[in-house]
């Protein structure tokens, strides 16, 4: 076995950060090599350098023993390297085939696209690796798993034999992860080399041959997957033990904090995306909602917080019917809400922290005085949040975009929790943040629960869901299809409910 | 004659008639008027020889006043360079520079028209005489003149009289220079009717709704009907006040003219400033396409002289509006220390309006036109000012 | 602390100053190419600008530009591109002139009434674009462009003939019946004369300047200090996050468009209250578009737009003196405005990048220090 | 065929069908009101002529927005096109040179826009506004330097320039004149359709031919070529393009420069085809209208054509309509169209739309019934009202390129 990739002394500096600090890293031909590290450790940066998307400041790269100098992904592609990025790199309004051929388009005379050749080649690639997809579908119509498949096909279509996958499982359910891993094994069997980034250590151990740990921009070590446990990896990553989302004793009371009755929401074509959903959450209780994304959780949350008006159904907050109230009124009545995407829906990235802290509370003291914004009060409260929730930032006047993802998330959690809401809705509260920040967020959720708040938790991280929830309901095709006890369920089983494979009281 | 004075050695018809509205002070000899008439209004079209000839003539004339003061010529937005009305005013200044010896400064407001008053004031700071080209200056001149009693102001196309107060001048230092466009238009209307073979003629106005262009239309219609009561006249305006684009839209004029020609009109008169070029183009292309010649009639200056060679042969005549004469005369009056407030009407009787004969296309009907002219001057024909 | 304060000042000034220098150099080249003497031209501009009378002209010119800038900025703060200030203010002024001439009211009250009508009409017309956006999803850029033409070519052109002042025979010139003197705004010459000499040559500092100052202060308080302004800004920065934070986005669109139009309604008032006192042939146009430039150059900042309006006014008033003194042609002024605007926005962008980099650096240092 | 089926048809079927329906309605109204301008050859020619600058500038906007850059500077680039179009013709003696330089002049405006927005990351609208301020000043300055020195030119206009001219399609519109024959048969609708078609082919100016050809060409370019695919990714998801080795900056630069070139072409068309001279302020806001046509056309070439015709038709008609009766009868056309919209909305259970359409239809009908000729302000206003109306009923269906107007930096966010 020879060395497919060898990175020697790679250094990459960003303003104020050394993303990669003299990293050495090598991958053997035909292996699946995982890279682990907390958020911002520099994994993606290293891969982007390898893929020619960013130039390294220092260091040498060798591919198959030959020194290379990539100035754009085109060079990397030519060297047989392909990359599937952390975030999907697909154009929604393009068809699958257009997305796939982009950048290496077969053409006839005069640059006219040769779709026939492209489709033939696509079919060959698909057959070879068991990846099938309709080339004429628009990406906007595809499910998450299918999009992932398009991303991989994109790479294979270019004949890459070295594949980089940056957190490919973040958005997949266990069954989809299984399917992906099957594909990866097949690729490996066919001789491909795979570099694989993942935060979920169990998955890493399952699929990879070797694992490289990166911490704060430095490569710490490379280990054989067979030789280590998840705990070992976590320790290597952060220098401390793996935090777990486990909740201790129950704090559930019998006072209903949130009651949702018969909510039905229609999509733009008039089909129900949320279908007659009802549940209650008690004070001191965490209700987890499991479900593959796109099964109506988002719309359900929107209806509960008042972002969209449902077709029918009611929402009671502490016994008060808030069904006809606005988002603001509902917040004032005691809703807190952590949206699933902090950049998209959580923050004013260009605004200072204190304004971000005020968002959602701008009608009340200490953020407001009458009709006016209370700048002093806002600053004080923001400093309080920074202190209590460990939001690492120089002051309250720095813009939110300057913070790392984890700190941004802590700011949002702090903003929502500090007002002691009666009910807090948490959508993917730890998505894409590192282990340390994750533990901090979990702690806050637990202490809110202990203080008697009711929480609605939506998460794709099934460990988190099982660990934090007092009760789990499964949402499938807009309906609640099962109610489960987290004490008795495994992520695997939960996954089969989510895909509709299992039924309550079920066969499996 | 009521208007003879020590400056001019001769009296014009207007002075002889002693019409109340007519020019009060005569500053120009007949010869000069005649000489200028033959000239292009645009200095570019006036070749050096002619220029020299005119200068010589002026030198011979001991009565010509001289002065070395500055005249502030103020155009309106986008006015300068229209090869028509505005350039005619510039031609008057040029003539005054060479003959009277004045200097001049030109200015044009910003695109939003916000600084008309400020410009007038700046001009007044440097010049004892400020000429504003266009009635849009009316209100601003009233104000600025009040603040500058030592500077004289003249506004072209506005009488600058207080009609609520017995049509007296607004102030001693404000003069209006207006034109009997309807009378000149009458003559070209008559020419059109005389020349038309189809019995259909057209009129294109630049901007309707502020009264001025309607004067052209009214005279044109009256002139045509005087020749042929059954003549069909189609009128169209490019835009409506307060949208002044109609004066700057040769493309639209071209289209409207084509529609008129295709509807059977064979002669079209325009009073649309810078849009007129479109009419000439239409005349050319329709003539070429249909094989039978159609005509255009120009306005303000003798457009045969300023138009491109390609389209000259389609310009039957032009209605002359002697802004150059008016400008020259007011400067002359100023030089002679005879600036008089109030309105001066440049009408047919003083050749302040008229028609051009360049190209020779109307030579055969000049007698009839001159006959109409005489009747108008005599008051036998009263030309309406509203269509 | 002190050094960071000076640093911030330098950063704040870097963009406008470098843009100005750049524009200055480029304009000089243009002037030289057209065989004018740039030094003569600039000194003519400066000499003119330091005269009291010219300063009055400049302030009179800057006043409506500033108001127009604020009108545009209110929309910009919410990422609403209100190109319709042009049509809104013309329509508002027309309506105010017509209605204002028909009422009899005591001194002062009459003036406020005219202002009120203008603000309401401007607000309603702009609000229409907001309503179309909220209820029908019509892009406000397009709807306001369309509404501009509808207002000027349709509504005003259609109604104008009906409201013309009756004039004696022979009088030319068109306008609505002038407003009674009770509606005129007093000029500020008296105030200026307290500080300097008498103002001569009939210059009158428009009282609308006070309105503009009030508009500027209210704009600052509204946008930067009020809860509602926070909602507007939040929606502008991230509509979804604002909505999650309880800001009703549709209402905000209506509010911002409406307020933008209300302020736009004031743009035409100098003509009505202190110049011709009617909507007439010489009514000043294009200030809506100029306001967009002022807002962009002034970065929607209440103080920045003061500078931008003054700069544009300075250039506008210079065009006259350049022409009359024959030191340069007037186009140089428009060219300079364009270059300054373009250079300024490029410079702002570059400074913003520097600033952002520094902020990130500071943030990651904080992280490191605490970790 | 149901409406959804109809919507699924490719553009080259959909638009002709719609156009046919439109002609039928026009023909009907023509019969009803008893005047012949609505579908006459000359009206169609005029409409087409007036649609052309909007169409070509709109296609310019299309190329720019498809690569992610909002181009509100189209107006300024058109102005540069008018100036350079005239100058090129005068300087080199041929209107084809004028066209060349007009395109080049507009492209320089595009380059400036690209440098500011793509190179420096300046907000697209800001840069566009600046260009719109800069261009007229530059054109006037250049006129003073150049045209004012020429015979017949001045600071605000150029001497006359030669037209590009045109040609008549043989056989169909000339010689045997097949279409003309059918038109003269005066068969209801059939003759109208052929009148319209002949209008298209008779004395078609070269620029009109080029402009019309540009529609399928740009559609083809965008959807069927490598160049188009790469251009579009810059407007949809530039990071995705970058990750596949596509130089997004290059795509954007090319797109915006071509956009400027097309705007310049549109400007020189005004000079070379419509006016035959350069005149200050000649574009009269057509760049903005082109932008409206682009949005109206849902960022598709065929849609831009539809939008341009929507503007060009009533405008051209009003110029041809010396009595003002034809423009008035357009009110009836609008009423009929709105009734169709109303019926459609009600069948879709869209009560609000239905009531709105019905109300406006009744208003339009009343207006029609209580006037004899169009009031003079109507023709000038009609195109704008029409576009507003269409957007009121169609805006929800529009979809702009996903990344248009967003700043792009290499290496991502």
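Order as written gives the chain letters A, B, C and D; numbering starts at 1 within each chain.
Throughout what follows, contacts are C-beta pairs under 8 Å (C-beta built on N, C-alpha and C of every residue); 3 or more make two chains touch, one makes a residue touch a chain.
Keep in mind it's a predicted model, so treat the numbers as computed, not measured.
The greatest centre-to-centre distance from chain B, using averaged C-alpha positions, is reached by A. If each chain is reduced to the centroid of its CA atoms, chain B and chain C end up 39 Å from each other.
A straight line joining the Cα centres of chain A and chain C is 46 Å long. One finds 77 Å separating the Cα centroids of chain A and chain B.
None of the residues of chain A touches two or more other chains. Residue positions of chain D touching 2 or more other chains: 136, 376-377, 380. Shared interface positions of chain B, i.e. residues touching 2 or more other chains, are given as 111, 209, 240, 243. Under the touch rule stated earlier, the contacting chain pairs are A-C, A-D, B-C, B-D, C-D. Chain A makes touch with chain C in their complex at residues 14-17, 305, 307, 326-328, 330-332, 337, 339, 344-351, 355, 358-360, 362-363, 368, 371-373, 390, 392-394, 398-399, 401-404, 407. Across the complex, chain A is touched by residues 225-231, 233-234, 237-238, 240-248, 356-367, 370-371 of chain C.
Taken in their complex, chain B has these residues touching chain C: 72, 105-119, 121-126, 135-140, 143-144, 146-148, 157-159, 161, 163-164, 167, 209-212, 240-243.
Of all residues in chain A, those touching chain D in their complex are 48, 51-54, 72-77, 83, 85, 89-94, 98-99, 101-105, 107, 110-113, 154.
The part of chain D that touches chain B in the complex is made up of residues 42, 46, 49-50, 136, 143, 148, 151-157, 159-160, 163, 203, 270, 274-277, 279-282, 284, 316, 319-322, 376-377, 380.
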